[in-house]
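Labels for the chains are A, B, C and D, by order of writing; each one numbers its residues from 1.
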Amino acid sequence: MSTPNPPGGPTTPNPTGRDDARNPTAGREGVPGSQGPGPRTGEGRSGGRRRGRGGRGEQAVVPDATFTSYYGRPVVKASPWEADIPAYLFLGGVAAGSSLLAAGGDLTGRPAVRRAGRIAALGALAVSFAALVHDLGKPVRFVNMLRVIKPTSPMSVGTWILSAYAPGTALAGAAEVAALLPWSFGWPGRLLRASARPGGIAAAVIAPGVASYTAVLLTDTATPAWHSAYRELPFVFVGSAAAAAGGLSMITAPTAQAGPARRLALAGAATELTAETIMERSMGLSEETLRTGTAGTLMRISKLSTALGAAGTLLAGRSRVAAVLSGLALLTGSVCTRFGIFHAGQASARDPKYTVVPQRERLDERDGRPAQDPAGS
Amino acid sequence: MARKTLLDWPVLRQLTGRDPLGRGAAVTSERTRSLEPRTVQADTVVKSICPYCAVGCGQNVYVRDGRVTQIEGDPDSPVSRGRLCPKGSASEQLVNSPGRATRMLYRRPGGTAWEPLDLEQATDMIADRVVESRRRHWQDTDEHGKPLRRTMGVAALGGATLDNEENYLIKKLFTALGAIQIENQARI
Amino acid sequence: MSLADTGPGTGLPGFRAGAEGPAADAGWTDRPARKGFFTDTSICIGCKACEVACKEWNGVPQDGLFELLGSSYDNTGALGASTWRHVAFVEQRKPLGGQRTGVTDLGMPAFDKPGAVADPDERTDFRWLMSSDVCKHCTNAACLDVCPTGALFRTEFGTVVVQPDVCNGCGYCVPACPYGVIERREGDAAHVPNVGVAQKCTLCYDRLREDQTPACAKACPTESIQFGDLDELRQRADRRVAALHEQGVMDARLYGNDPDDGVGGAGAFFLLLDEPETYGLPPDPVVTTADLPSMWRRAGLAAAGLLAAAAVAFVGRSR
Amino acid sequence: MAECHPVGFQWVMEAKARGAKVIHVDPRFTRTSAVADTHVPIRAGSDIAFLGAIVNHILSNDLYFADYVKAYTNASHLVGEDFRDVDDLDGVFSGYDPETGKYDTDSWAYEGETEHAATTGPTAHADDQDGDDQDGDDHDGDDHASTAHEGGVSPGGESEQSESSRGAAHELGGHGASVEHQQIQRDETLQHPRCVFQVLKRHFARYTPELVQQACGITPEQFLEVCEAVTANSGRDRTTAWVYSVGWTHHTVAIQYIRTSAIIQLLLGNTGRPGGGIMALRGHASIQGSTDIPTLYNLLPGYLPMPMAGQHDTLAEMAAGIASSSQKGYWANARTYVVNLLKAWWGDAATEDNDFAYDYLPRLTGDHGTYATVMDMLADKIDGYFLVGQNPAVGSAHAKMQRLGLAHLKWLVVRDLNLIESATFWKDAPEIETGELRTADIDTEVFFFPAASHVEKSGSFTQTQRMLQWHHKAVDPPGDCQSDLDFFHRLGVKIRERLADSGDDRDRPVLDLTWDYPVDEHGEVSADAVLREINGFHLGGEKAGQALGSYLEMEDDGSTAGGCWIYTGVYADEVNQAARRKPGRDQSWVAPEWGWAWPANRRILYNRASADPDGKPWSERKAYVWWDEDQQKWVGHDVPDFEPDKPPSYRPPEGATGIAALAGDDPFIMQADGKGWLYAPSGLLDGPMPSHYEPQESPVANPVYRQQSNPTREVFPREDNLQNPSGDEPGAEVYPYVFTTYRLTEHHTAGGMSRWQPYLAELQPEFFCEVSPELARERGLEHLGWATIVSARTAIEARVMVTDRVVPLRMGDRVVHQIGLPYHWGVGNEALVSGDSANDLFGVTLDPNVHIQESKVASCDIRAGRRPRGPALLDFVADYRRRAGITTETGNQRRTPGTEGATS
C-alpha cells in the first residue's frame, strides 16, 4: 500500500530502485521496523513502524492519517468468512422480502406473487442454510448452534430467528411446490395445504428480523468498516432485502400482480441508497474501504445497479421487459451491496490504520490532546 | 462420558441457573467439567536437569505409561526457581519429536543410502574395527626409544552434553586402549 | 428518523459485567479470586520461553512456514490460532529512560577505504523493546459474547476459554475480538489438532484448576509475565510504574488495567514503554457488544420499517 | 547473557531491581543490552585494549583496594632483572624465539628464582599446557558480556567467582604454575621499580582512553563511565562481578582476555568474595564436567596432565612436573591424586612395585587436539572416529576441513539424537554440490547410533559454577536408542572379549582395566556405580570398601582409589550428593544442600579472601566466611576454602611445603605462593601480562605496536587453511569488514538439539546476517534480501537483517563495520531448517595455551545477492584470493614482517 515514511527523519533514497519497502536503509525509526511483515502474509504491505501513510496515491483520498503500527500488521483479525457469508446475507434478504410479498400476495389475492414468493423464500432459505453450514470450521457441529440462547450473540439470535422462520417458510414453500406437482399426496397433502397460510404468515411476521439481524451480525464486530456502520447498516440491509425481493417478484410475477413488489422494491432501493449515504458520512476513516479495492468496485456497481433498477421500476408497471431488467438490476445491486460491504470490512480489518487512527483520535480527544489529524472527519 | 440427557441442554441450564446469558456455568461441556492438567495424571515425576546450556536449570519430568508427557521447571531449584528458557521449555519435544532418529543406521563405503543394521551387530562391528585400527596404528616407542604405548588410528570427539560418568568411561576405555586423540566440545 | 450515535457503553447493563466481576456474572457461585497476567515488558528479554512453554503445554502446533519475517527477532508475527503467546520486538531510535547506549557519536570519517563511508545522519538514541502479548481475558469479552454455541465461556477464575469440543468453527469470535487474538485454526486435520476450531490462550485453565501457574508465567525467566489474583496484580503494577517513573523511565504506562476502559479492564494487562499501537495493540479497544443494545434497537426499527413498508405496498392501491 | 543464558539472567535482573548497574560490552546490541543500563559496542577482538585501559585507570588513579592488593596478591613480589616488556622489544616479551614462535619464560620469573624446570622448557611442545579454563565451549552469543552489579543476591551464586580466575594461573596442565615460594622477594611498599605492581603499572600505562577509542571504537566518555561504575562499586562494602560468555575463549589471545579481567578483579578486591569474581557462562549442560573429567587429549581427570614422552617417563617425573615439592598449596599432593586415579582404573594391577601401572598410560608427543586430529584425518593417518553428541560439520571452525576430513576416514561412528550433518555429510555436504566430494567415492563406513536423551538415562551434569546435579532416568530409551554410558561400557566388554586371549603387553591395560560395573536388568551399567568410582573409596584399612569423604582422605600408597580427586566427596557417606534436592527456599541463599560443587562442596572459590587478613569480614554487608575466635575455626555461609582450623595469624615454619606452607593470610591456596597473580611469572605461553594483539584476521593494524597478532599463536600454513591479509598488509582491503559469530536464544550450538524441533525452528527459521544500515547502504544490501559473505576459505550466503543494533565503529580516522552471524545452521536435508554455516568462513588458528580456535572474529567481504552454486563457488572464492594476493604465508607468520627479529 505504501512505502514507509517514518517520522522525523528524511526519506532516504532507495538505492535499489525497488519500492516495495524492503529497502534496508529506508527506515529511520528502527530499521526492521520499517520493513514489511515479510512473505508470510504475502501482503507486501509495508509501513511498519510508520507514522504517516505516504500512500502511492490510489488510496490517498483522505488526508494522510498519522499513526503507528507494528510492522504494518493488522491489529484486529479479519473474519475467516468467505463468499458463503455475503451470499447468505443476500439470500436471507431475498427470503425475508419474498416471505413478506408472498404473505401479502396471499392475503390480497395475488396468487402468482404468493406462489413465487413462497418458493423463492424456501429456495433462498435452503441455499442460505447450506452456505451457513458450509462456512463452519466444523460443519457437523452445526447443531451446536442450538445449545444456547444468547442475546449477546447476533448469530445465536439469528439462529433462533431462522429456526422460527424456517418452519413456516418451509410449509408455505412446500405447499406451493406440492401444488405444482401432479400428485395429491393424500391427507398429508391436505394438511400441508391447510398449514400453508398460517405458515406463510408466521414466516412473514418473522421475516423482517431475518432481513435486519444480519446487519447486527456484521456490526457487532471489531471490524472497523462494519462496526462504524452500525447505526445505518440495518436500514441498508432491509432496504437491500426489499429491493432484491421486490425485484425478484417483478421478474417472477405477472406485471399486473406485481404492483406491491414494485412499490416495495422502490422503497427498498430508496432506503438503501439513502441509508448508505448517511452511513458513509458517519463511518469515519474506514468509509474509504467502501470506495477502494474490490469493495469499491462492488459498491459502485451496487449503487448504479440499484439506482437503474429503481428507475426502471417506475416503468415496470407497463413493460414486462422493463420489469425483468429492473428486477435483475435490483438483484444485482443487492448482491453487490452485500459483497461490497463484506469486502470493505475484510479490507478494513487487514489494515491497522482503520483500527488505530480512530481509536487514537478518540483517546487523544479524551485526554485533551489535540487530535493528530482530522482524518475522515 | 455420562449419557446426555435433556437436563444437560445448556438452554435449560440457562433458564434454570444463575447464568441466564449463557456465558459461563450454564454452557460448560462434560469434557470441560472433567478437565485436569496432565501433570496430575502422571504416574511419576522424575527430577532432572536441563540438557541445553550450563546454567543447569532443574526440570520435573512427568511420566505416564512409560512416556514423557511434560517437562517443566523445578521450582525447588535454587539455580532456576522453576523457570526455563525456550530451549528448556522445548525439552519434551527434544525427547518426543517425531523427527527424532531412533533406529540404528549403516552406510557402507561408497553407499548412496542408509541401510538398517542390528544394534548388537553394529556394536560388534565397531569393536572389531577398534581392535584392528588400534593394531594398525600402534606406536610402542618414539624415535628415541621412549615409551609411547599408544595408537593413532582411533580418535573421538564428544559433545559437552555427555554425563560426567559417560566422559569418565570414554576417557578410561580409550586411555587403556592407548588412544589419545580423545577430544571434546570443551576445546571448541 | 434519527441515526444519531448513542455512543458506546449506553447499552443494557445486563450485557456488561457487574460489580462482582465477570465470573459472578457468568453464574459461578463458588468462585476463586479472578486470575490474570501482568506482563511487565520493561523486564522482558525477548527469550520467547513463553511462546514455547505455552505451545508445549497446550499442544499448539507449529505456526506457519519456516520463513524469516524480518521484523527484528519476531518470526511468529502475531497472536493467532497457533500462537497463544507472541513476543513483539520493536527497534526504535528513541532513548530508553535511564539507559545509555554506545550508538551515539559516530563522527564523520576521514578514510577512503571501504568501511569508511559513515552515515551522514548521525545516530542518536536506540532502544529495543520486547513484549509478550497474550489474550486479554477481557472483563467484557466480545468473543465470548458473540459465540453462538457457548463454546467460549467464562470460567470460575474469570478467564475466557474455548471449549474445543463444542466450537463449530463459525468464526464469529474472530472479527469480534478488538485485539485480534482469537483465530480459527487452519491446516491438515490429520496431523493438527482442533482444525476448524477457534483457538486462543486458555490461561491454562486445566492448570489453574490444580492451583498451578500457567505454563508461560512459570517459564518466564525474568518474571516479566506475572500470574496471580488480578486485584493484587493491579496494585503491583501501579507500584512498578511509580518506581519506573522515579528511575526516569517516563515512558512506562499501564495498558488494560483500567476497569473503566472499553472492555471493562483486561484480565491480562501490560506495562508498556510506548504507545500500545507500537506493539500492535489497539490504543482504545471497546468491546463491540457495548453498542449491541443500540444495534438491536436499530435492527428492530429497520425490521419494523420493512414490515410496514411491505404492508403499505399492499395496502396502497394507487397502481 | 540474556541471549544465551536467559534463566541465569534472572539473577542479573534481580540485582538490577535492587539497584545494581548492568553494563553490557558487546559488538552488537543484544537482548542483554536491551535491559542493561549501558551498552558499550566494541570491536570484536579488541578486549585487551579495553580491559587493559581499565587496569590503567585503576592504577593511575589509585583506585585499587590497597589492603586487599597488598595482602592477597603478588603485587609486592619482585620480578627478575632479565624481564623486558613489549614496549622494549617491538611487541614481544623477553625470551621470544622468532624461529619457533615460542617464549623461553625464564626471564619472566620472580627475582632470584628460576622457573621450576620440569614444567616448561623452551623446547617443550605445548602439550601439558592446557588449563582448567580451556573450556572453549562453543561460540556462545554474548562474547563480551560484563555485568557489574552489587553483589550477594544469588542463591545460585551468580556472583560466584568461577574457576576461571583460578585457571588464569593454572594454564599449565591445569595444575598451576609452580614457583619456589621460599625465595620470593617482596617490597611491601610497592615502590620498587621491579615489583609486580610497578611492572604492571608501566605495562598498562599506554592503555589510555584514546587507545580505547582507536582500538575498540569506544568513546572516551563511555569508557570512563564504565571505569567509574566499576571502581565506585568495588571495595570493602561493595563488589563488582564480571561475566563473560565463553566467546572470550575463541580468540588467539583468549587466555589473556580472561587474565586481564582477573587482574581487574584482584586490583579491586573482587575475588573470593560474594558478588564478585569472574563468571564464565558456559554453553553446554556439562561443558564444565567435560574438562573436570576430560575427554581432552592432554588431560586426565582432575586436571592432571597426560604424560609427555621423554618428560614424564616415570610417575615421579610426572608428579614433579605437576608441582614442585617445595611449593605451597594443595597441588603439592599431586602424586597422591595420580596414584588414586591409577588405582581406580587398574585396581589390583596397579601396585607400588609397578609405579601403580603408570606405564599403562599412553604418552603424548605433540598437539593431538581436535584440529590436529582433523589434519591427521586428511593425511589418512586415522582410521576411525567417534562423534558423540557433536556436530563438527557445522560447529567447528573451518567446518569444510572437518567435512573433508570425515570423508577420509575408514569408519565413522556418530551417536546423536538426530541425523546431524556430520552423519549425512556423504550425501548432502556442500562439497558434494561443488564437486569436491562425490558420494560414490567416499569410502567412509558410517554407523549412526541413536542416542538416549537426558531423561532416558541417569547421570550427572556439572554446570557452569562447578556444581554437579544428578538427573534421574525417567523412561526407557525408544527403539535402538542407548545411552553413551551403556554403549561405551558394552563396547569395552566386547573389545576385552576380543583381546581376552592376548599375551601382548600392549593389551594388558585393556584387560586389567576395572570394568566390572554392576548392571541392571537390561544389562545397562549403573551410572551411580561409576560416580562412586569417580569419588573414590578406601581399599585397605578400617574403612576398606567405604567411599572417600574428601580428597584429603586420599593416600598415595595404594590404600585408596579415586577416579577424579576434585570430585571426591560427591559420594561421601555413600550418598549421591549430586542428587541432593533440598528446595532452595528451605535453605540459606548459598543453597549448599542442592547438588554438590567441587571441590568439597565449596560454592565460592578462594573465599578466604572474603575476610581481611585478620579473618574478619571486609564489611558486614559482604560477610561470607570468617575466623571465629571462640571456636578457633573458619565459619560462614559456605564451606571455607581454607584449612578449617588454621588461624589468620599462622605463619609457616621454615622449610614448610605444600598445605603447611600456606600462611593464615594466603587465600589462593592452589597458587604456588598462595597469592592472586597480577603478573604470571610462569604458566602462560604468551606473556606474563596481557598485551593487545589484533585477531588473526583483522582489517585494523595494531595501534599499540607493529607486532600485529599474538606472536605465539598456533598457525597452520596449509593450502586448505589460507588466511586473509590483515592490517596494513596489501590485500587486506579485499576483506574490509569484521564479522563475529554468536548464538541466538532460540537455538543451541550447531543445531542438533534445536533445528529438529518445530517449536524452536519456527522461532528462528533462517540463517541471517546482521548489518548496520550504513553498511547496507555501502554494499547495496536489502533487508530480507540475500548477502554473500566471503573469506579466504569459502563464501556463504545469508538473508540480510538490517538493524540499528549493529553500529559502525569510529576508530580514530576510520570507521569499521561489523557483521553479525549466528552460527546455528548447516547444510543438510534432515533438519527442519537448514542454511549455510557461519563456521565455514573461519580458518584454523589457535590460542597457544589451550589450542582453541579463533572463531569469534575474522575479516570478510560482503556483497548483495546469493553465492555462486556448484564449482563456480570455488572460482568465486579463488578470485578473491587472487585479488588479495594470498599465499600460505599470508597471515601465518607469527612475527609480523618488519618487526625486530622477524624471519623473512
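Here is the rule we use: a contact is a pair of C-beta atoms (placed from the backbone, for glycine too) under 8 Å apart; a residue touches a chain by one contact, two chains touch by 3 or more.
All values reported here derive from a predicted model rather than from experimental measurement.
Undergrad: Along the shortest chain of touching chains, how many steps lie between subunit A and subunit C?
TA: Shortest path length, in steps: 1.
Undergrad: Counting C-beta pairs in contact, which chain pair has more, B-C or A-B?
TA: If we tally the C-beta pairs in contact for B-C and A-B, the bigger total goes to B-C.
Undergrad: Work out per-chain C-alpha centres and flag the one nearest the whole-protein C-alpha centre.
TA: Smallest centre-to-centre distance to the global C-alpha mean: chain B.
Undergrad: Could you give the separation in Å between the centres of subunit B and subunit C, each centre being the mean of its C-alpha atoms?
TA: 35
Undergrad: Rounded to a whole Å, what is the gap between the Cα centroids of subunit A and subunit D?
TA: 68
Undergrad: Centroid of subunit A to centroid of subunit B, CA atoms only: how many Å?
TA: Roughly 54 Å separates the two chain centres.
Undergrad: Can you check how far apart subunit B and subunit D are, centre to centre, with Cα atoms defining each centre and the answer in Å?
TA: The separation of the two C-alpha centroids amounts to 26 Å.
Undergrad: Residues of subunit B that touch two or more other chains: which are they?
TA: Expected reply: 10, 21-23, 26-27, 71, 83-90, 93.
Undergrad: Got the subunit A residues that touch at least 2 other chains?
TA: 22, 30-32, 35, 38, 147-148, 150-152, 156
Undergrad: For subunit D, write out the residues touching at least two other chains, lowest number first.
TA: Residues 6-7, 10, 745-746, 758-760, 763, 773, 777, 783-784, 801, 803-804, 832 of subunit D each touch two or more of the other chains.
Undergrad: Using the touch definition from the top, list the residues of subunit B that touch subunit C in their complex.
TA: It is residues 10, 17-29, 31-32, 35-40, 70-73, 82-90, 92-93 of subunit B that touch subunit C.
Undergrad: Once bound in the complex, which stretches of subunit A touch subunit B?
TA: 146-152, 156
Undergrad: What does subunit D use to touch subunit C in their complex?
TA: My answer: residues 2, 6-7, 9-10, 13, 17, 29, 31-41, 218-219, 221-222, 225, 699, 733, 736-737, 744-746, 758-766, 768, 772-775, 777-778, 783-784, 799, 801, 803-805, 807-808, 810, 813-817, 832-833.
Undergrad: Could you pull out which subunit A residues touch subunit C in their complex?
TA: For this pair, the touching residues of subunit A are 9-10, 22, 28-33, 35-41, 48-49, 67-71, 73-81, 96-97, 100-101, 104-105, 107-108, 135-139, 141-142, 144-145, 147-148, 150-156, 158-159, 204-205, 207-209, 211-213, 215-217, 219-223, 226-227, 230-232, 234-235, 237-238, 241-242, 259-264, 267-268, 271, 275, 278, 282, 317, 345, 349, 352, 355-356, 359-360, 362-363, 366.
Undergrad: Subunit B touches which residues of subunit C in the complex?
TA: Against subunit B, subunit C makes touches at 14-15, 22-23, 25-29, 47-49, 51-53, 56-57, 144-145, 150-151, 153-156, 161, 163, 165-166, 204-207, 209-210, 212, 215, 218-221.
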